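Each in C-alpha cells, the structures are laid out below.
One chain, chain A, links the two complexes that follow: it is found with chain B in the first and with chain C in the second.
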Partner chain A sequence: MAEPSILFQLPIALGKVSGHTAIVTGAVMTTIGTTIDVAPSGIDGERLVAPSRGTPAGGRKGVLKGGFTPYVLLIPATAILLVLVGWPLIQLLIMSFQEYGRAQVFGAPAPFVWFDNYVKVLTDRQFWQVLFRSFAFATVNVALTMVLGTLVALLMTALTKTFRLVLSVGLLLAWAMPPLTATVVWGWMFDTAYGVVNFVLTNFFGLDYQGHSWLIEPLSFFTVLTLIVVWGAIPFVAFTVYAGLTQVPDEIMEAAQLDGASGSQRFRLIVFPYLRSIFLVVFILQVIWDLKVFTQVFALQGIGGIRDQTSTLGVYIVQVGLGSGEYGLAGAIAVLTVIIMMAISIYWVRQTLKEDPL
Partner chain B sequence: MRKLSIAALGVAASLALAGCAAGGDTGGGEAETGDIRVWLVGTDTPQAARDYLKETFEEENPGSTLTIEEQAWGGLVDLLTTNLSGSDSPDVVEVGNTQAAAFTSSGAFLDLTDDYEALGGDDLLPGFVEAGSYDGHFYAAPLYSGARLVFFKKDALAAAGLEVPTTLDEYISNAEALASANPGKSGLWWPGQDWYNALPYLWENGGDIATFEDGEWKAQFSSDGSIAGLEQVQQVMTNASLAPKDANETNPQVGFCEGTTLQLSAPSWVKWSILAPLDAEAPGCPDQEANLGVYALPGMDGGAAQVFAGGSNIAVSAKSAHPELAKKALAIILSDEFQTIYGENGLVPAKLSLADTLGTDEVAQAIAQAAGNARLTPASPKWADVEASGVLTDFFVQIAQGGDVKELAAGLDERINEILNG
Partner chain C sequence: MTAVTATAPPTGARTGRTARRIRSVLFSAIAVVITIVSVFPVYWMIQTSFKPNNEIITSQVTFWPKSFTLRNYQTVFDASRSEFVPALGNSIMVTLLTVTIALVFAFMASLAVTRFRFKTRKAFILTILIVQMIPGEAMIVSVYRVLDGWSLLNTIAGLTIVYVATVLPFTIWTLRGFVNGVPIDLEEAGMIDGLSRMGAFWKITFPLLAPGLVATGVFGFIQAWNEFLVSLVVNSRPEMMTLPVWLRTFQIANGTTNWAAIMAGSTLMAIPVVIFFVIVQGRMTSGLVAGAVKG
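And now, the complex of A and B:
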C-alpha cells in the first residue's frame, strides 16, 4: 500500500495515464467519508479528482507539510513569548497610562491619567540627560567591544593550538562570570581605601593615588564601568567573529596574498564582506545590550559615585519605579525605551535583509 | 472547532481548579499548621534571639515551623514592595522605622489595632508605635531601637591631650585635632553616603529635614539653621575624615581595627562588630576592648545631641497565608524574654519597662542619654521614597566632595519637595 501522502499527490498525475488508478483513488477518498467533486474528463472512463481543499481527513498531512507546518512549529515559542513578554508588555503599557504608586501595588484602584506620565517624562530634563548619557555610553562601548573583540578573534586565528586554547578558556571564564560578581570584584579592585589599583599606582609607579576615589567623578565612573562592560562583552564578539573567520576560504586569502594585498586590505576587502552579516548581528545585539545595561551600573552605584550623574536608562527606570514608588511614570519611561530599542532593531534588521540577499 | 472548544474547556477547567487550590491554601482554620517565614533585616538581631524565636514558636505550635530569612538593608523598600504584594509573601517582616509609613499607608500590613494591648500596649516605645500607625490604626509594632554613639580609641584621645567632648563644637575641634596629630588617619571616620550622622548637626543648629505647613511638605535643608549645620558637616568630612567620600557606612570596624580610624559615630551594636572574635565571618579586634571608649554625641549647649532614632518595626504581611500563626510569632518577638536579649546586646528593647536590661556600663549610659533626645525623620508615607531614591546619599557625597553647600541644599530641597508632595 502506498503512503497516504503519495496517494494524495497521485490523482491528477496518474489520472492522465490510467483512469483506473484515478477511480481507485477516488474510491479511497470517498471511503474516508468526504464528498469530492469529480470532474468529467475527455478520456473515456477517467474522472479527475481535484485535491481536496480544507478537508481535514485526506488532505491534512500534505497541507501541513507544505503550508502550515512552519506555523505550527512556531506555536510553542510564540506562546511562551506571549506569556512571558507579551503579557507584561501589555501590563506595562496600561500602567504607563495610569497613576500607579505603592498603594496601587497593594490593591488600590489605579485611575487613568492617559498621557500625563508621558508629558511629565518628556518635559523632565533629567530624562533627556539620562537618554543622552545612555546613548553616549552605548556608542563608546559598542565601538570598543566590536574593535577589541574582532582583534582578539584575529589573534585567535594566528595563534598555535595551545595558546588558542589558553585564550579560549580565559575568554570563556570572563563570559561565564555573572555580571554582578564581576562588578563587585572590579569594585574591590578600584576601592578607594583598600583597592589594588590605587595600591599599585601609588607604590609601583610613585603616583599619588592614596585614597583616590575612582567613582566619584562621572567621567571616571564611566571609565570604570566601560572597563567592566567591555571586558564582559569581548568574549561573545571574539568567539562569534572567530567562528565566522574559520569559514573564509583559505584559497581566496592565499590568492589575495599572492596578488600583494596587505593584511588590512585582506581584512577590509575579503574578510569583512564575508562576515558582514555576522558583524551586523553582533553589532545589533551589542547596541541593545549596551543601551539597556543595568546590573553593572546598579551595582557600581552601590559601591560609590553619585547616582544622579551616572544613571543610565535601565537604572533610571528602577530608581523612578521601585525607588520612588512612581510605577506609572517608570512605566512610561520603559515604554519609551521599548520604542527606541525597537526602532533601532527594526532599522538594522532591515539593513541586514537589504544588503544580504540570502 | 469542536476540538478547540474542548481544549478551551480543559484550559478553563484547569485554571479554575488552580484557582480553587490557591484559594484553599489561604483560608486559615483554627488549628492550622504551616511554615512561617520571618524576614529580619541586617545582622542586628543577635543569634540567641533568633534561636529563641524559632525554638519557642515550634514548641508552642506543634506541627508548624518557623524560618528566619535574613535580608539586607540596601534596597529593602523595593524588596518589600515586590514580595509583600506577591502571592508568596513572607509572613512577618522587619522594616526600618523610617520606612514603615510607606507600607502602613498602602495596606501592605495586617491591621494589628485589636492586638495592641496584648502586644504590650502603652509599654511599647511611643515613637515607634507612631511610626507603625496610620490613620488611627496600628500596623507595625516596635522591634528595637538603636541609639547612635561615638566610639573612640582611648589611647589616641589621650595622646593628643584631648578629653571626651561636652559640646558639639568641642567634638568637631577634637576630630580635627586628632586628624592633624595623626596624619593618614581619620580623626572621625565619616564616609560620604552616611547621612544619618549628619542629621544631629542640622537639628542642633535649629535646622530641620522637612516641615509640614498648610497641607504640604517643605524641605528645610536650605534653611539658615540647616545650612549652618551642613557647613559643619562639610568641615568635619573634609578636615577630619579620610573615609572614601562616596562610600557607605558598612563595616566601620575595619578601619577601627586597622588603626586608621580613631573615632566613628555609629549605631550602638557596632560595638559587637568591633569586638567580634578574630575567627568570625567579619572579624573584629577583641584585643581593643580596653581601649574602646564610647560617649553620646554632645549637643550644641552640652548634654546629649538630638540624634536620629534609628530602629526597626515589625509587622505581619496582609497577604500572609497563616495570619494567626504569624501573630503568634509576633507575640513571641515582643515577649519580655525575646526583647531582653536585645537589651543585653546593646539594642534598646521595644518596651519601656525593659530599659534596664541594657545594663549599667558606659555603652548603656550613653544609649540612655542618646535615646532620651532622639528624633525621627518626617512622618510622611513618602519619606521612604526619599531615602530609596538616593537623593540624600548623592547630596552628602557631594558635600563630602567639597561642593557648594547652599546650592546643593537648594537642589536637594526641590527634589525632596517633589517626592513628598508628588
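And now, the complex of A and C:
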C-alpha cells in the first residue's frame, strides 16, 4: 500500500561518485522514491543517461543462481505485501460489488449487487463535484509548485554561496515540517480572532480583516489549503531541479550565451531538454500527491471548514466509508480512484524503468 | 567579487559590472524574502509555544514573546489535560518497530533481486514499483476490515504491519540501487583473499551499504512518525493514539482556547523529524555544493 499521508518528501543524497565527476545527487521521495540520476557525462540522443553502475545490469558476472535462496529471501517481504496490500485490494474489489453497509458489519450477509454501487456513484452529483474539485485543486497546485519550484531552483544557481546556503536552510525547514503539524500551524496563523495574517493585513496594510474567517468560504478555504500544500512542496521541486541544473555543462551555456541566446531561450532550448526526464518525474509525482491529498484537507476541515463543500477524493472515501458506513459505495469510489492513479502512474513507472532498468 | 569582466572593454565593463551588482543584490533580496516565507510558520510555531496566554488572546499580536513561559509545555505533558505522553510512547514504539522490521525484510529482498538471477525477479521488482503507487487513501476501508478481522485494531502490532507494508516497496527499491552500486568484483576479490562468500559479503559489501541503510531507515522513521490517516482510523482509542492523531484531537479540543499549548505540542512532534531531515540532508547539500563548484 502506498503511503497514506502525502507529500512528505525527504532529500537524501544517494551520492554516487562516478568517475571524476562530482557527486550525483539523487532525490529520494516519499513512498515513491526514486533516484534521479543525472548524467554527469553528457547527452545520449536527447535524453539523459543514467551514470553507469559499477557493474552493468545486463551480462554481469558473478551473479548467483542460488537455487532456492532468493525465494527464501523474498518470503517475508512478499508475505507482508500479500497480506496487507494484495488481500485488502481483493477485498476492496469484492466489497465494491456488494451491498455492504452497517448491517453487514454486524454480521448480516452481504448480497452481490454487481455494478449497482458503481452506477450509484457515477450518477451521484456529489461524486462528480468531488472529482472535479480534486482535479481542479491538483491542477492549480501542480502548476504553482512546478513553476515556483523551478524559479527558486534557477534563483539558487544565480546566488552567491552564502545566500544559497541561507535559502537552502529555509527551504529545508519548510520541507521537514510534518504535513499535519504544518496544517495546524497555518491554521493558527489564519485564525479568525488572533491569527497573525489578519493582524498583519489589518494593521500593516490598512485592510479590514479584523475577525475575518478564512476557512468558512470554500474558495478561501482552498486558497489557504493551496498555500499550505505549495509551501510544503516547493522545496522538493526546487532541490531536485537545482540538482539537475548543476549538471548542465557550463561550456554549453557559455557557448549559447556567446551565440546571443537570451536567458529564456537558454532555458527553453538547453536547460529544459536537458532536464526533461527530471521534470517529467517530478511532475507526475506532484500530480499524484496533489490528487490524493488527505492529511492537509482533513486537518484543515477540523480547524474550520465545511466538509461537504471542501472534500477531495481521499477525504470523500473516508467520509462515505467510515463516516456514513456505506462500505460498498466507498469501495466503488476507492476502486475508481485506484484506476485513475494507476493510469497516471504508468508514466512514472515507465520513466523510472528507463532511468534504472531492471 | 569576480574578475571575469576585467578583460572586457573599459566602458562596457563598468556598466556590465554595475548591472551585475544590481542583479546580484536583487537576487539576494529575493532569496531572503523566500527564506522568510519558508521559515515563517516554523518560527511562528516556536515563538507561540513560549508565549503566556495573555499574549495570545489579544488583538495586539507580537512577533516575539514579551515574557517566556514553559507553561504550555507543562500543559502538554500534564497527564490530566492531554494524552501526549502515551501518544509519544506509541509513536516511538511503532516507529522503531517499523524501521527495524522494514529494513531487515527489505534488505533480504534487495539482496535477492540484485545478487541472484531467478525466474520471478523482474516480476517482483515491477510489482514493487506498481504497489507503491496504490493510494493508501483508497485502501483504508479494506485495511481497516482486514485488521478488524484479526482483532488487530487498536494495537501496536496492527499499526506496525500496515506501516511496514507501506514503506517496504520504497525501501526495497532504494536498497536495491545501493546494492547494485557495490560491484560484486569487490566481494570476489575478498574471496580470492580467503574469505568465505558470507564473510566477503559481511566484511566488504555490508559496510558499503551502511549509508543506504541509514537513508532508507530515516525515510521509514519519518514516514511512520508522520502517518496520520491509518493511525486515525485503525488506532482510534485515546490510549492507542500516535502523535499526529493526538495533535489533531488536542487541536480540536483546544482550538479556540489554547493555541499556545497546541503549538508546544506541534513543536515537540516536529523536532525529531527536523533533526533527521538535517542529518540526511547534510549529505545532499554537500552533493549540491560539489556539483555547484565543479565549474
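In the analysis below, the second predicted complex is superposed on the first by the 254 of 358 C-alpha atoms of A that agree within 3 Å, B and C clash if a C-alpha of one lies under 4 Å from a C-alpha of the other, contacts with A are read in each partner's own complex, and residues count from 1 in each chain.
Following the convention adopted for this analysis, a contact is a pair of C-beta atoms (placed from the backbone, for glycine too) under 8 Å apart; a residue touches a chain by one contact, two chains touch by 3 or more.
Only a predicted model underlies this, so the values are computations on that prediction, with no experimental measurement involved.
When the shared chain is aligned, chain B and chain C each come close enough to touch A:L322. In the superposed model, C is the one of chain B and chain C that contacts more residues of chain A.
Residue contacts after overlaying the shared chain place A:L215 against chain B, while chain C stays out of touching range. Using the contact criterion defined above for the overlaid structures, shared-chain residue A:R307 touches chain B, although it does not reach chain C. Legend: residue contacts after superposition of the two complexes on their common chain; A:G206 is shown touching neither chain B nor chain C.
Judged by the touch definition given at the top, the superposed model places A:W348 against chain C, while chain B stays out of reach. Judged by the touch definition given at the top, the superposed model places A:G260 against neither chain B nor chain C. After overlaying the two complexes on the shared chain, residue contacts for A:A182 are found with chain C alone; chain B is out of touch. Touch criterion met: A:W87 reaches chain C, while chain B stays clear of it. Of the two partner chains placed by the overlay, only chain C lies in contact with A:T246; chain B stays clear of it.
For the contact definition in use here, the residues of chain A common to its chain B contact set and its chain C contact set are 191, 193, 302-304, 318, 322. Taken in their complex, chain B has these residues touching chain A: 74-75, 77-78, 81-82, 84-85, 102-103, 105-108, 242-248, 255, 318, 382, 384-385, 388-391, 393-394, 397-398, 401, 419, 422. Touching chain A in their complex are the following residues of chain C: 1, 23-24, 27-28, 30-32, 34-39, 41-42, 44-45, 48, 56-59, 61, 104-106, 108-109, 111-113, 115-118, 121-122, 124-127, 129-146, 161-162, 164-170, 172-174, 177-178, 180-185, 187-188, 211-212, 215, 218-219, 222-223, 225-230, 233, 244, 247-248, 251-252, 255-256, 259, 262-263, 266, 269-270, 273-274, 277-278, 280-281, 283-292, 294-295.
Of all the residues in chain A, the ones that touch chain B in their complex are 101-103, 105-108, 191-193, 211, 213, 215-216, 301-309, 318-319, 322-326.
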